[in-house]
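Shared between the two complexes below is chain A, which has chain B as its partner in the first and chain C in the second.
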Partner chain A sequence: MLLVLLVVVVLNFLMLHLAPGDIADTIAQTMGGADEQDMAELRKQYGLDQPFFIQLFNYVVRVALLDFGHSHFYNLPVFDLIMERFPATLLLVFSAQILSLFVGILLGVYAAQNPYGLSSLFVNMFSLFGYAAPVFWTGILLLIAFSLHIPIFPVSGMRDITIESDNFFVHFFDVLRHLFLPMITLASIFFAYYSRLCRASMLEVLGADFVRTAKAKGLSKKDVLLKHALKNSLSPVITFAGLSFSAVVSGAILVETVYSWPGLGTLAFNSIISRDTPVLLGILIFSTLMVTVGNLLTDLTLKALDPRIKI
Partner chain B sequence: MNKHFLKTLLLTATLIFTSLGVSIAEPKKGGTLIAAVGNSPRHLNPAVQSGIVTGFPGAQLFATPIRYDNNWEPQPYLAESWEISDGGKTVRLNLVKDAVFHDGVPIKSSDVKFSLETIKKNHPFKTMFAPVVSVETPDEHTAILKLSSPHPALMLAMSSQLMAIIPEHVYGDGQDPKTHPQNSENVVGSGPFKLVEFKSGEHIILERFDDFFIDGRPYLDKMVLKIIKDPATRTIGLENGEIDFYAFENVARNIVRLKKNDNLTVTPDGYAAIGPIDWLAFNTKTGKTADVNVRRAIAYAIDRNFILKAIMLGVADEARTGIHPGSPFYEPNVEPYNLDIDKANKILDDAGYKKGSDGMRFGLTVDFGWPGLKPNAEYTKAALKKIGIDVTVRASADFPTWAKTVSNHNFDLTWDTVFNWGDPVIGVHRTYQTSNIKKGVIWSNTQQYSNPKVDAIMEKAGVENDMDKRKALYSELQKMLANDLPVYWTNTLPYHTIYSKKVGNPPMGIWATSSPMDMTYIKD
Partner chain C sequence: MLENEEIEEPTIKPVKEIFQTFFKSYSAVTGLVILIGIAVMGFIGPLFYPTDPFDMVWMPFSPPGADGFLLGTDYLGRDILSQIINGARVSIAIGFSAALVSCFIGVGIGSFAGFYGGWVEETLMRITEFFQVLPTLLFAMVIVALFGSSVLSITLAIGAVSWASVARITRSEFLRIKELDFVLASRSSGSNNMALIFRVILPNAAAPIIVQSALLVGAAITFEAGLAFLGLSDPNVISWGQVIGSNRVYILDATYTVTFPGIAIFITVLAISLVGDGLNDALNPKLRSR
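Presenting the complex of A and B:
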């Protein structure tokens, strides 16, 4: 595990080092120019004038001591910057993942009941649309529809800063209102995966002997479908959900940019553009952690669904 | 006095006010302005950080000695008056007596001295205060700037976001001012608004500073600057009324779209000093573009009108030189290089660049510094094909990648947007000075252009106090540059300010939002 983490850190560092340009260039950009002396000073200040291996060694040692360093761009501790934004991303990613699973499974079950009917076709089309449409495009369309023409949801941010109430629920509902569109947008990519997977899995299970037995026992259609068939067809869906967790995290970068959601995605995007290596490396370590936790949750869910599975 | 006379008087008064464009409405106090900004600033201290992103909050948090009106005339701000003597080598600033910083400590001449010295040492625009040798402080409210040579650019350099007066008792504590923790948190400023909260990438909240040195100002209680990177999201926010104000919009299709909205005012006014110009820069040192004939042929083959109408959708202005058309130094009577394909072909033929069997003479590359300039680069390929130049468009992954390529002089042609920053000494000279050919430094003389006569004119214009003589020198400079053509200037970057009808007195001077918004208010 530690070896994997070391490899991740080294590879990330190498890749970022290979990208042309550095923080001195981006600071010059934000300044509207800079002279040679300033740029040399900046490179010296951030240790960029040292050989690659020394920079790498220094970074690995610091990370081992749980010191993620300072952001070159914002001049703030990387850990603070990440922790400030981590909850927002966590909220977005988990809510979108849960929503896409819930809706995906619902659509899959619905489609499986009449696999070649019109409703199934509709479900397929709907989910494939979400899958095929670029996420930023879906985001903008939803904004035009529900922020401009039917102004129910805000266009950006995570909270309304002008609210001056101390009431927890006022702020809670404010965050929910801001979360709605980004969550739907991010979830839309995965509706297709989960609904189609669930449909296929359900169809297979519905043809199995134990379902026929359940039907023969005279159980209601609802019981057969939900208690027997669904439970047994969920494993592939949950497994896939765990595997696609990293894709949700990367999808969050685009969604956060469209909705100015103050999460790690926008920070990562800015850090790439500004060559803010310490922040980007910190985010990569955190997203690795987030994906690992996501996978662990998947395993636990699978175990709950199927006691034969051992962790 | 009869009724008829009174009616006539009233009508005349109304007509005079209307014709002068004077708003009769009294600014209203109170209210919150919700503004959008397109990027997150590194921090909020404009004394050590340039750029328009820091400029917006920076000019609200920090006052400068002077400010400028719409006609490029300096006006009192923190300095209630000033005297220039000794042929421009001594500038005396008489400071407002009762001005205080946000922590209540009085603003003294020693703070002016400290600020100027800090800026001179740390700000990237070294030419702003280069001739300032010392600052004398005979009393608490007088600062005397001693210069080694006359420096007319000094006045503009003391305005806008360029000379923020920062407190010595805070930023002079021995820490590096560039990385001072109070650049982002607990900022102690001298301007009309003080900082409530700065969350990078999210928002900046400012509130009225009650002890601001101009009585009754600012009018607004609060300013909320939301950081929204996505242009489409900002546009929707302006359309649905969630955002009241956005400056520096330059996406042509958004400007055209927002102009159709009856609840919004969209104006290009207020950017003359910022002075952004789009241009095609040439490598004048190596490759085919080292030949001035090639550069001229390229300029004749590129249709500036096509760029203005088709790419900029009619929202940008023509720029024939490297000085912004809104500047008093702009000289439009230079060779405009209007589209003339035959002439372009003839120049190349005469210069010995014969077409090959495939109809092509030679190949060149074109880069672009900003995503918005991609259409210009693609158009360049199509336009130059007509004169037998095979252009390869090189897309850079992002700004640092492009900056690396161009600053190391590994390019033939590149599209770029460069700012004037008020006086030509600050933002124009750097592109053409021989002494500013510096490898690895973006927005230096990356064209590697060198002409001793041009250098001499810039040196002379930089110290000329007489405005008319200075204008004549810059006119000559622009004609010489248009002749040598190290850069082919095409248009102004179409910066626009968009604001809701409920916003009164938006910043319409020469510095846009890089100026204090103490007079901006929210109408009923």
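Presenting the complex of A and C:
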């Protein structure tokens, strides 16, 4: 896990190094041009005159000490900027992931009981939709439908600043109301995949001998389904959910941009517009961290489900 | 394995049989027809609908159907129908070439990992795992933001981040096939490693790789649109993503500027996935796709 982060950091540095232009150019540009001497001065100040590996080492050490550089645009340390936005993205990513797992499994179990019925057709249709519709497009359509034409949900942001209340729950529900559409949008892609996978895996397990045994023992249908079959069919779904984490984070960037959700995605979007590379690189490192933690949680869940798995 | 004898033979099916299975499926044929239709629209369409997608032809934000513009005009008064017709070309080109790039990388890495095993496999699969953990969109954003947004850099960026699934599939196929008798036979008759990898094993591993690559084409088209939505598209060519990206500020005032290119992407990717399902059924009936 640490290795993954280290590789991202090194990759970051390599891309910075290979990309045309360096930080001195950027600064010179914003100052409106600089002569050779000033440029050399700037390069020396940022350590760009040193050999490649020393620069690399310095960069890695700086990142390890949580110094991601300085944002030219916000004039703030990148780390502070990211920390300010990180919780919002975390909330969106994990709530969407949990919601889509929950709904996906529920739908999958339901569809598996009637493999060629209407619900299975629905699952298949929906997974096609989840694959084909660009997530930001789904987001825009939902935004137009439920914020513009039927104004139930707020158009953008995470909080209503006009609310003046000290009550925790008022704020809690306010955030929830803002979270609803982005969460649904992001979950819409993934719950389709999960439900399809869960349906397939349930069908397989339902044909297994131990399920027949459970039925023969006279257990109720509910017990057979939920206690015996479901528990054994979950692991492919959870495994896939773990693999999807990076896709969820990627999706979150687009969804955040649609709804102006104040997380890392909107920050990344703004930093592209303002050519604020250090921020972008910092976000890359942080979201990789988020995905690795997500994968770790997945592994732990898998282990809880199936004691044979060793980590 | 129960069907041991069946599996031990080379698993390439006769081309004729593949075509027959493919064309028997209604959904696959529908997908193929739609896809060809869209490609034809992109490449020949401009001859029949000569409006330049970059020309300001009418008032900005003219709604669909009004003033003779079927899909309306965008924020610069450019004809959206023309943009969609011309955008098909670039979107499909980026989709296919990006998928090709990731197919090359994925097959290269997966086949070497699967064939050689040992530390080669360990290292290559670690790299693959790493690319699975990496948030692909962000990584592509960084590449495009740093190296400039041209069609080439966008294509390479998409290709460079989405090969992990191909590599994993190739490796698992290689692990399975390299133990089979015909590979051993070929080795004992003097084939060297390169010939074994590319001429003996790879053709037999092609089926699932082709199916996965077909799905990657669709994913690459949505990927490009996503990048464009974030403002990272080549400003010199029209693609569907570029239309969405350039109009994204006005989504609440002029919904259709984003809706129509979105529908175009949706239909195309849907068609690709139908074709992919059809290919899957035609190429490997034994492997069920989950």
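As a convention for this text, the second predicted complex is superposed on the first by the 257 of 311 C-alpha atoms of A that agree within 3 Å, B and C clash if a C-alpha of one lies under 4 Å from a C-alpha of the other, contacts with A are read in each partner's own complex, and residues count from 1 in each chain.
Following the convention adopted for this analysis, contacts are C-beta pairs under 8 Å (C-beta built on N, C-alpha and C of every residue); 3 or more make two chains touch, one makes a residue touch a chain.
Computed from a prediction, not measured in an experiment: that's the story for all the values here.
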### Query
Should A:Ser201 be classified as contacting the first partner (chain B), the second (chain C), both, or neither?
second
### Message
Output check: A:Ile272 vs chain B and chain C. Expected answer is one of first, second, both, neither. What do you get?
### Response
both
### Query
Taking the superposition as given, does A:Leu148 touch the first partner, chain B, the second, chain C, both, or neither?
both
### Task
Give one of first, second, both or neither to describe whether A:Ile140 is in contact with chain B, with chain C, with both, or with none.
both
### Query
Is A:Tyr259 in contact with chain B, with chain C, with both, or with neither (first, second, both, neither)?
first
### Task
Could you tell me if A:Asn167 is touching chain B, chain C, both of them or neither one (first, second, both, neither)?
neither
## Note on the structure
So the chain A residues that chain B and chain C both touch are 19-20, 140, 143-144, 148, 155, 257, 269, 272-273, 275
### Message
Quick check: in the complex, which residue numbers of chain A touch chain C?
### Response
4, 7-8, 12, 15-16, 18-20, 128, 131-137, 140-141, 143-144, 148, 155, 196-197, 200-201, 236, 243, 245-247, 249-251, 253-254, 257, 268-269, 272-273, 275, 277, 280-281, 283-284, 287-288, 291-292, 295
### In the complex, chain C residues that touch chain A
130, 132-139, 141-143, 145-148, 215, 218, 222, 225-226, 229-232, 244, 251-252, 255, 258-259, 262, 265-267, 269-270, 273, 288, 290
### Task
Give every residue of chain A touching chain B within the complex, in rising order.
19-22, 25-36, 38-39, 73-76, 81, 84-85, 140, 143-144, 147-148, 151, 154-158, 161-162, 257-260, 262, 266-267, 269-270, 272-275
### Summary
The chain B residues in contact with chain A across the complex are 32, 34, 40-43, 49-51, 53-54, 124-126, 179, 183-184, 199-203, 205, 224, 226-230, 232-233, 236-237, 239-240, 242-243, 397-401, 403-405, 407, 419, 421, 427, 430, 438, 440-444
